[in-house]
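There are two complexes below, and they share chain A, which is joined by chain B in the first and by chain C in the second.
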Partner chain A sequence: MNNIKSKLSIATCTLLSGTQVQAADTADNSWDLNSSLLYYSEADDRVSVTKAIAFLTGDLSSEDSISVNLVLDTMSGATPTGAVKSSSSSVTSFTGASGASSSIAGGASVDRVNFSDTRMGVALTWAHELKRTHKISYGGSLSVEKDYQSYGASVNYSIESDNRLNTYTMGFAGTFDQIYRKTDGTPEPLSNVEDNNILSDGERYTYDFILGMSKVFNKKTVGQLNYTMSYSDGYHTDPYKVISQVRLVEDTNSGVFTWTELERYFESRPDSRFRHSIFTSMAHQYGGTGETVQTAYRLYTDDWGITSHTFDLTHRTPLSESSYLEPHFRYSIQSAADFFRPSIIDDGTTPVILPEYASADNRLDETTGITIGLEYGMKLGGGHLKARGEYINWQHAKAEYDETTAMVMQVSYQKLFD
Partner chain B sequence: MKAIITLLACLLLPGCSLYKSANNAFTIEEIKPWEKNILARDDMQLDPDPVRTFSDEHIYFSKEASTGGRGVGGGGCGCN
Partner chain C sequence: MPNHISVETKNNYSIGRFTAMACPCEILIDTLDKAEALKLTEIAYKEARRIENKFSRYRDDNIIYKINHSHGEPVLVDDETALMMDFAEQCYELSNGKFDITSGILRKAWTFDGSDNIPSSIEVKSILEHIGWKKVKWSRPNITLPAGMEIDLGGIGKEYAVDSTSKLIKQATTSSFLVNFGGDIACPHPRINNQPWVIGVDDPENTGEASAGKVSFYQGGLATSGDARRFLLKDGVRYSHILNPETGYPVKNAPRSVTVIADTCIEAGMLSTFAMLEGENAISFLKEQDVKYWCIP
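After this line comes the complex of A and B, so read on.
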């Protein structure tokens, strides 16, 4: 079986994002279909996403294989705009995420808006075995939303040692993104929302590089170490996000001071970003019943001032010959971007000078994330059925919306067709 | 060197009571092809479930500022 042979070669395939390209040692024309339905739902009637996925991988010849990845996302709900939760405001209108327009009745602030969108993504990968231990793969991808388009291409080259215990991989990818609002182009960064200064569509080019190594330590342990570098140039601002200018104002009746939003601006981010990450993972089987532990750690840093540490742990315990239970734990901590601020302060005495860059997006805030999940898997109908549920909680240090809580439910079925 | 690697593994494996297991994990052995039966299992792949990995990476890409590490390519989206 080609897939089994591929697994024995260990880890040449994990360096493609979301794609496990199988090596082609024999041409027995087997096809692997992996399909999934995921539901993501945030508490407090915020974002919900239904995601349908189909991954198809098959052999074209003894040296060639292809994989086709399809994804369809349906998104809706409410998302924070970045504006403060002010009880009073002089701002009177706002165009929200994906073009949902909102009026601010009675001067009340709109700090989140409803949205809906659909995303379709396609990725195609062709893997070719140049010789027994050398493989190359080419990838192309397309993703389309109502307000975003992305086109990507990649090439990955891997070399196995003669004993096939070590694999060295190098890869490049380029991505071109077009960003715009559903109803128009992109707003002028740090312009007043009420002025409605709209510019042309945003464009961004991203170049990625990866250098990786995987190693079989012994009969029960395998590990990998990757270094990735990414440089992006162009429009990085979120065209829907805003930031409030606020002042402490005394209520003439009660004498209580409250933060009041006086102005609202579209956010502004730098026009380039340089990222680095080191990623390491390992899989180890132990115990008499074949329990497996998978661990991963990523160190990430970029020139926006963000540094993060992400730990991931799964532990699979077989329940029988054909089923298992797998708890999952993930912990991440990130620092805030240099230009993140929950609002722009107006002290009422000196004129406000707007910074060059400013964003109140809670995703750029100092954040701690915890995920706890459980997966059950079993053999069914000649394939593998998996079901999992996860709880995710993010705590943001300074953002107006300082907490995001979500539940994830996913059902997947994988089957090999010979 | 091995002691340092073992200590780091201790931090990643669930609990230092598994020191022995961590020590065993990083024992380097020359494996013959016919000794790879455990390594061929689904749960011993470095990416044991590409669909799940793809799903998770989309979620965390959309909600956190950090991304990447596992690979390059695959396409972007407007979620972040």
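After this line comes the complex of A and C, so read on.
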């Protein structure tokens, strides 16, 4: 037995003052651990990522809670560089009219670059309840990999309506990123790969502003609406991506014309990006056993000319008191960035004038994406176990690699300790 | 004067009376101003009836009825009910599951009429399946009660009404006063001249007729738990009406009556109830709580 009077006093005080204070019992030692292992693998031996995530959240006092998020990624594979496929080139060496030359080492694939890296990320959030319906949270994050470092800080303020049916959130975040290649700094944008002009590390500052609202419409329907504005300034180019200058060249033996790479440049992207996105979702429970349908739509637009629409649908069907099955479907369409081009065309008659910005990265191409997934969840050992599998397919309109197919497998376990 | 309440003036205080929550209710006010006493008694009457209507399980038009007849569907509750649910959950945890607002349906098996009518263990077991706060999904502001289960705020409601009423009266007067709903009492600030209110503790052997003792009460909350006339007798064993929700059987060797003084009425009520639930360990439990208590073994 122990003395419970002080804890009871707090509980009583809460009840009578109408102020929501967490019970001292839970404030002392209630921790929620969510751990998960995710495996992402793109077909054709492209990118594969194994991600281990641990998310721990707990109460420090009746008004304060803290959460720690740890991520460890190991990434490997061969990612498209943006260069045209070597197989589409019938020559391995070419001397152009301009006098420049480019040689391709025999047998080596240049349209893809092998990579392997490990990322470690840590994020800390401290949330503090100012009064019954007002909450402020401060966050800090750090992420390190061999060619990237990121530091972030954020502050969020949320207000609940007196009946707690509406929640309004406003947040600011700032991020500082350092981008470089593993071996050196960053290549000079649109410089010839041959020249190997290396500049210092890239730096980027990003500022995000978020406005959000969630609403409980009735006991079975909840909705959410978020607006995010983000401005980033600095180095946005991918230091590994290149773009090929190509010309239709006739193979004198066969008489067949093929697009042949003449030059290869490092890509170049604008040094700022202004993004807006609106996200809305609605969850509705129906039926006697708690079937839940959730729909979401996201509209994204930026000043690079990319606009995307994403539609998301999940449907949860309880299988028993303690388990459920949840199919997931997502469809997205995206327009290409203004400066996206699969290659720089050299018509052989007029000298090529390099554009200010150019990238052949298929992620900036006009793309249609489909995701089909299934999640199974069950209660296990006092916690929740979830397993999900997803198939993702992106069709890129013009990029050299016009299709990306990936599988995602994830197993996670969440448990509340008290 | 409205006929549901009465006000009487004593030599140095006034007393307002009415009936609510199936028990006699009194407001003692340190004033000889009858109009003020009437006004404050009206406030108390309204608040007592409001809470009774809202949380009584005997009505079919309130949130408790809605929850108890939700057939496993989630029910959205208002803020005040949510606070009650939070509090009930904390009491469940603080009492290690002994105080459970879902245990009320045990009364289907047990009728405490002084007879030897003990239910069969099968009967008790079948009811136990529908008991346990842990089976309730309470995720503010939604509560989901599995079909066949019921909640009953009888163990909290009256004490809560006392504190809530006392809060309202405090806003309406500067006089010292005492709220007493069927023996659950609150007095938020002391009397003039620092005199105590003297509270008689009901004698369980002669309930309603004799006092087993007197308690000087200056300020705070006071509540008594006991089994008075509600018990069963079989083969010389006295089964109190305090039931253990884990076993479905009455707590053995609990004191006849426990009176506790704490800061608020609801706190006093919970401590006296928890003490009863401890059975023969009631007194050692109370000793650890660092509160004033009276125990009738």
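Worth pointing out:
Going forward, the second predicted complex is superposed on the first by the 369 of 418 C-alpha atoms of A that agree within 3 Å, B and C clash if a C-alpha of one lies under 4 Å from a C-alpha of the other, contacts with A are read in each partner's own complex, and residues count from 1 in each chain.
Here, contacts are C-beta pairs under 8 Å (C-beta built on N, C-alpha and C of every residue); 3 or more make two chains touch, one makes a residue touch a chain.
This structure is a prediction, so every number in the text was calculated from the model and none was measured.
With both structures placed on the common chain, the touch criterion links A:162 to chain C but leaves chain B unconnected.
Legend: residue contacts after superposition of the two complexes on their common chain; A:218 is shown touching both chain B and chain C. In the superposition on chain A, contact of A:208 is made with chain B only, not with chain C.
Ranked by how many residues of chain A each touches, chain B and chain C are led by B.
Contact with both chain B and chain C is seen for A:285 once the two complexes are overlaid on the shared chain. On chain A, the surface patch touched by chain B in one complex and by chain C in the other comprises residues 4, 7-8, 11, 14-16, 18, 20, 163-165, 216, 218-220, 285.
If you check the complex, the residues on chain A that touch chain B are 4, 7-8, 10-11, 13-20, 34-36, 38, 40, 51, 53, 55, 69, 71, 73, 119, 121, 123, 139, 141-143, 145, 147-148, 150-154, 156, 163-165, 171-173, 175, 177, 179, 206, 208-210, 214, 216-224, 226, 228, 230, 275, 277-279, 281-286, 290, 292-295, 297-298, 300, 302, 304, 306, 308, 310-311, 313, 315-316, 324, 332, 334, 337, 363-364, 367, 369, 375, 384, 386, 388, 392, 394, 404, 406, 408, 410, 412, 414. Interface residues of chain C facing chain A in the complex, by the touch rule stated above, are 71-76, 78-80, 82-84, 86-87, 89-91, 93-95, 140-142, 160, 163-164, 167, 262-264, 266-267, 270-271, 274, 278, 281, 284-285, 288-291.
Touching chain A in their complex are the following residues of chain B: 9, 12-14, 18, 21, 24-31, 33, 35-36, 38-55, 57-60, 63-78, 80.
Only residues 1-5, 7-9, 11-12, 14-16, 18, 20, 23, 25-26, 162-165, 216, 218-220, 285, 288 of chain A touch chain C when the two sit together in their complex.
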